[in-house]
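Note that the chains take the letters A, B, C, D and E in the order they are written out, and that residue 1 is the start of every chain.
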Amino acid sequence: MTGPAIFLLLAGLGAIAWVSARARALRLQTVARTSGRRDAVHSLPGYHGWYVALWTLIPAAIFLAIWANVSPGLITQTVLSDPAAQSLPADAFSRSAILGEARNIASGAQAAAFNPAARALVEPYRTAMNEYGIAGAALALVLAFAGGAYAFTRVRPDFRARTRVERLVMASLLIASLLAIVTTLGIVVSLLWESIRFFSMVNPVDFLFGTKWSPQSAAMGYGNKDAFGAVPLFWGTIFIGAIIAMVVAIPLGLMSAIYLTQYARPQVRKWMKPILEVLAGVPTVVYGYFAALTIAPALRDFAVSVGIHGASSESALAAGLVMGVMIIPFVSSMADDSIAAVPQSMRDGSLAMGATTSETIRKVLIPAALPGVVGGVLLAVSRAIGETMIVVMAAGLAANLTLNPFSSVTTVTTQIVQLLTGDQEFDSAKTLAAFALGLVLFIVTLLLNIVALRVVKKYREAYE
Amino acid sequence: MSATRNPTDWKSDVMQKRIARRYAAERRFKLMGLFAVMLSAAFLAFLLFTMLGNGLRGFTRTEIALQVDFPASPLLLDPANITDQGLVGANLPMVTSEVAKKALGPDADALLSPTAWTSIRDAIKADPKILSRTETISVPASTVIDLAAKGKGSPQAEAAVARLKQQGVLSTGFNASFLTGSDGTDPTQVGIWGAFKGSLLTMLVTLLLSFPVGVATALYLEEYARKSWWTDIIEVSINNLAAVPSIIFGLLGLSIFLNFMHLPRSAALVGGMTLALMTMPVIVIAGRNAIKSVPPSIRDAALGIGASPVQVVFQHVLPLALPGILTGTIIGMARALGETAPLLMIGMRAFIATPPGGITDPATVLPVQIFLWSDEVSKGFVEKTSAAIIVLLVFLLAMNGLAIYLRNKFEKRW
Amino acid sequence: MMHEPQTLTPATETKMTARDVKVFYGDKQAIKGVSIDVDMDNVTAFIGPSGCGKSTFLRTLNRMNDTVASARVEGAITLDGEDIYAPSMDVVQLRARVGMVFQKPNPFPKSIYENIAYGPRIHGLAAGKADLDVIVEKSLRRAGLWDEVKDRLHDSGTALSGGQQQRLCIGRAIAVEPEVILMDEPCSALDPIATAKIEELIHELRGRYAIVIVTHNMQQAARVSQRTAFFHLGELVEYGVTSDIFTNPRQERTKDYITGRYG
Amino acid sequence: MMHEPQTLTPATETKMTARDVKVFYGDKQAIKGVSIDVDMDNVTAFIGPSGCGKSTFLRTLNRMNDTVASARVEGAITLDGEDIYAPSMDVVQLRARVGMVFQKPNPFPKSIYENIAYGPRIHGLAAGKADLDVIVEKSLRRAGLWDEVKDRLHDSGTALSGGQQQRLCIGRAIAVEPEVILMDEPCSALDPIATAKIEELIHELRGRYAIVIVTHNMQQAARVSQRTAFFHLGELVEYGVTSDIFTNPRQERTKDYITGRYG
Amino acid sequence: GCGDQSGGGAGGTRDQIRAVGSSTVYPFATAVAELFVQGNPGMKSPIIESTGTGGGMKLFCAGVGAQYPDIADASRRMKKAEFEMCQQNGVKDIVEIQIGVDGLAFAESSKGPGFKLTPKIVYEALAANPYGKGPNKAQSWKDVDPSLPAIPISVFGPPSTSGTRDSLAELILEKGCQSDEAMKALKEKNEDEYKATCTRIREDGKYVDSGENDNLIVQKLGANPNALGIFGFSFLEENKDTLKDVPINGVEATYETVSTGQYPGARPLYIYVKKAHMQAVPGLQAYLNAFAANWAPDGPLTKRGMVAAPDDVRKASAEAVKSLTVLDGSVLK
């Protein structure tokens, strides 16, 4: 029996269970109600319907899920005992490839065989699958009936069906919320696992403090020593994300926030705020393209025309500038929030002293809002150093330790993309290095965020 | 009560000068703010105009009218029996080239797009009767000519354009195939439908996974979870996930979904799953805020009347929080729609010239398509890349606009 | 106002009893051993200075305190002799039987009709649409709101005036046919005219439901209740016939309070 | 409290005048033609029920209403005969001359020293550090705070108690040598002891500065002021010598208000 | 599933050809893919992913079945280690097809000084450790060879992970290196050290590694007239307007010199196909045929910048396409 058929059958059974249980509950309850006692009736009939339907469906579904995992093994065992399987090669990998193919053909997932040896096994597979399929379906139906019948007998006017059904709803909410933990664990495990393998090849000290990054030379077989010094990447990341981008974003973001909150007329503010927020909504690939195609060449031409040495068409400056623009809304909305959180009485107090608006802002509002602004900037930095596409498209690949903003630098994220989408070797340190870099990035952004949120929270509390 | 006062002489020169200085500083500061706003807005405008300037041309294409004398051409076709296979064997590319040479001169091959013959094929398919007469068919011009006609060509190409114009065969039309086609190797023939469909499928997976899970998590944390180390861990995880750089999700997708679970490479399924993990915390956080803003008095009212906690949440809290949750979801989905880096990690960067049929087919998405085209050698891809960017931006702006609209419309003060 | 201190009806039926009830919020004890009987035919008022535990105690009577994570209740409370904190007691049914009206009117942001119909729906009290219509009309009539809203049953409940909203909330509580109605300062957000209407309503509901009302306003307590309980610092200082409490308090603390020495 | 109703000093100098002042918030008129004189040697109190426009009117006197976008002022207000709403009037200097103290103490989140030094610094009143030190000490002394804080001038101003904070705010206002000090319910957030200290301070400042105080507390008005203005619904109902207003009001409305009929 | 020897994974069918590998071959593979679709209406277009030669090999050799690619594109020959990996994973029968030739072009801006180079000069200018005699100290071209101008050495080239970089090492650097007898001897004695000495490129900024995207190198050259660029021949062809060729050993990289192998930087381009997939993936044979039909001189691929292989090679390759000759691992290095 095929999957969809069983599925439909079960769905049908569930529907029948729902309708009949509901009807029964309704009938019994109408009788009970006339008896007078208020707690003679507990749940609405619909809940009884759900209760029975769930009892019909869930055990059968769980069984089918298990069966789907167990039965292929059993099927393969059966097939292996078939005479046609005697000629299979001994080596496990090709054996499993052939078996897998035969199974796919038998199940109709594949049209023709990649491997001639699989053809002979298709028939045995088909029979075995049929047998197990029917067995599985039968068992599932039996379970569905059993579950449904058990639940049906429990339908009584005062049976607390609602409580049971709700317990299931709560359980599924809980399970959903666990996914966040599972994802975090998934990230940590996948990064750690590959990083540990990397660090078994490369000394972590060399990685974290080495100043020479040339994974290519490692890939070419010159050894891992001196190839994985990530300091130039860290520097490039900081140079672009934490220095150049912030030099652009902090003044522009802060001043925009100040202007829009303190000076602009409400109408202007109402329009300009969402417009500036668009800057954060533009996809980074668009920024990257813009930086690479428009900004970078212009900057290089400029640098050449004023005679700056080492100007590259992929400059730290181009990537940093564009990233800075992208970050403006982050800084400005955090600054906006922080300034708004400073009580109005501070502003009034200062104005009433005869301070001008700008004096009030500079001497009272900003100092008071500073922790919030700093928190916002930290968040923006964490966002900037994790940004990928802009730097991939506009920052270049040269691992330079330079202070010249017109020269090319590379970043952690660029290298991750490069290491994983370029040439890959078999489990070479080079591929694994991407995960080690990812781990560093993960830890750093996490710490930045934790610190930033702490700062912001503490500061909010100060005014509450 | 005695009054020994020494009031400040505000009228003195010193004071007047000082006040003038202070007002000047005030004006400067205000101007700086205005300048910051203007600069940011100007940058946005510059970006948009650059994209529009480059990209709008991508929606048009230059066509050359070719007069094809079908009876006289060496076509191996039976007008009564036009089949796909028959058209393939009909030697159309050669015929096209010859017809063009006759009409436009010996360098005709350089004037026409390499896929020009497909226009003739489509014309025949549409109306086999033309095989018995001479027909003027517009075929796409080559990239070089296309660019020159749009004013961006080399001197030779401009000369050729001038010549074609004189012959009166050159025209510019809306490039419908850009909206219906898929990736290709020649800029005159590429389209975004393939990538667009890939984006739709990916977003569908993302939405179906992240929305229910995100809402369920938000409900659990906000309504049911009692404060404990356990909920603290969930909460910390979610806040952290919201801050993790997107490329890390790509690494996760690569090592868990591809290398460990062996799901199909390049598929919308895996892309959607990866982006769902990224979007889920956004939805959770927006959802929690929306749920939080439902006043407790509503919960009390329902509980007080004998509603169970599940009924309270699903019949009262959730409907009231829904606009807020939807706003957050749209914003999260918009972010996912523009995301590129994690998808590069899981192989959604292949050359795929057929739109995906389902979520397990190899696919690419709009931003990745933009990334791929931006790397192309041919200059004709510049305008196509920008055109694709326009399409993407239109979508994102529409989504953001919808979110803002929803927020304004349902913003309730309790 | 229009009602003079009420005469006590000789208690026929004790509806709820509390015995040595203690309530803790975390480590802090908010109620320190309160015993009280609520009877069916008289309105009981809880008075006392702010923070003395009136609301807390009121909320133990329909287990609304369950929703406060830190709250813990000790002692025994019964409804018709049944322990309402017993594991076998279904809290959802309990709350249907012991309805509650809150300080701030809190209609659902749905239509007036839906506000009233909600309770009967979730408790399955109406057999069909027609039945429900009847319940809605009856409840609104009892809540004294029918004439004012009968033409706009499908307008939002939140669009009513504060006093109308509070009557809607009372109607909503009535619609599930409760046995007891708890009111926590139901008039403190209302103007004098709306307050008078609610007090009128309480009079009319008396006898049909056991009513407990918390109030800050001693005049109100005197006007609407037949029994008054005076709380102070989590203790029940005095409980008795309203007219006695106000004219002839037995405890010094009560006297000081009603004469305005503190509070 | 320690002060009996104050005796009026015969007015020597009229500091501020208001003539037919009207204030609108958008379309809503909050002040409906008020004329008043504030003199140098007496403390003027504004009383009236909540929302009657006391704060609004007070804030027109130093143009703090300018910061409310929707507010519009009509009529004439003068300071030493100069129209403060004239274009030639510099609002920054005006506010230095007409200081203000708010209901909730609002010290800047800076050190005590910096709080006081803020005004002199922005207005350039101190020639140097030493000069500033003198101003700070003098202002804190006049605000009656010096002894309490002299050892911790560099602690944060927000770390002081509420009453100290309010005196710090008064000191901050004094530091720029204002001519008028406006106080908007300066004690309503304070406990009785802190209130007494502030009232004491007002006494000491009287004569040196023209003082206008808004208060809810009629006893306070009686204690600290020599003249009282009674506002109602945006109108100035009665303005006169404090003792007269409290013992012998000419208007019915005033009488009803001070005897507690409404408000 | 536990104990299921048929292997887990989402097997499933595939009706699209899947190719991975070299970025150099990528434009040709996609062009053929297009021609294939045009010639076979109704067929879905092949999926081609540019992962670099080595990355492609890794994916290709991971196994037989629908979830693994059918074709690996390569801008160098398969390595022995890769072949063995394939064998180990059950990818037994591999068909090797040379589709054409690519030149490793040396170019400068058309405004450049007009370099004339030999493998020896290139080696001495770029090696990290020329002839094992300590770090490379050459700063300008004149330091390397007095005949060259005194301009600083600045070379933009591919990352060493790309097949293009492999070709640079093998075709130019090793040849230059072997001009020294001691190095030849070293090759016999100590293969590893030989490799390090002869193919390792300096990392002091003179050689700028520019990623998989050869297009960028082209742009950079336009901006830096004194720099030298190294990339695939097709890119030189595409950019004749801004770039000019730098002859090696006096031979210019032209279509003829590359295709005959006279140009020292010529290298073959391959595709590798799993024989086991031929039956299972619809259109795979037709796709290979499309390659064969279009790789002739004047064919569509040469228009895109590929250099056609010499006649005999093309004949052999056509034969390989037809009869699917299986690659013999022992000929690989």
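A few remarks follow.
The criterion applied here is as follows: a contact is a pair of C-beta atoms (placed from the backbone, for glycine too) under 8 Å apart; a residue touches a chain by one contact, two chains touch by 3 or more.
Chain-to-protein mapping (UniProt): A = Phosphate transport system permease protein; B = Phosphate transport system permease protein PstA; C, D = Phosphate ABC transporter ATP-binding protein.
Only a predicted model underlies this, so the values are computations on that prediction, with no experimental measurement involved.
Contact with both chain B and chain D is made by A. Under the contact definition stated at the top, the chains bordering both chain C and chain D are A, B. Each chain gets a centre from its C-alpha atoms; the one nearest the centre of all protein C-alpha atoms is A. The chain pair A-B and the chain pair A-D differ in C-beta contact count, and the higher one is A-B.
With centres computed as the average of Cα coordinates, no chain lies farther from chain C than E.
Between chain A and chain C, the centres computed from C-alpha atoms are 50 Å apart. Rounded to a whole number, the gap between the C-alpha centres of chain A and chain E is 36 angstrom. For the pair chain B and chain E, the distance between mean C-alpha positions equals 34 Å. The centroid of the Cα atoms in chain D and the matching centroid in chain E are 85 Å apart.
Shared contact sites, meaning residues of chain B that touch two or more other chains, fall at 22-23, 308, 349.
Taken residue by residue, chain E touches two or more other chains at 9, 12, whereas all remaining positions touch fewer. Residue numbers of chain C whose C-beta contacts span two or more other chains: 92-93, 97, 122-123. Contact between chains, using the touch rule, shows up for A-B, A-C, A-D, A-E, B-C, B-D, B-E. Within the complex, the chain C residues that touch chain A are 90, 92-93, 97, 122-124. Chain E meets chain A in the complex at residues 1-7, 9, 11-13, 15, 51-55, 58, 63-66, 81, 85, 88-90, 92, 159-163, 165, 169, 192, 195-196, 199-201, 203, 205, 208-212, 216, 219-220, 223, 274, 276-277, 279-282. Listed in rising order, the residues of chain B touching chain D in the complex are 1-8, 10, 14-15, 18-19, 22-23.
Those residues of chain A lying in contact with chain D across their complex are 266, 343, 345-356, 359, 363-364, 367-368, 462. Listing the residues of chain D that touch chain B in their complex gives 9, 41, 90, 92-93, 96-97, 122-125, 176-177, 179, 204, 206-208.
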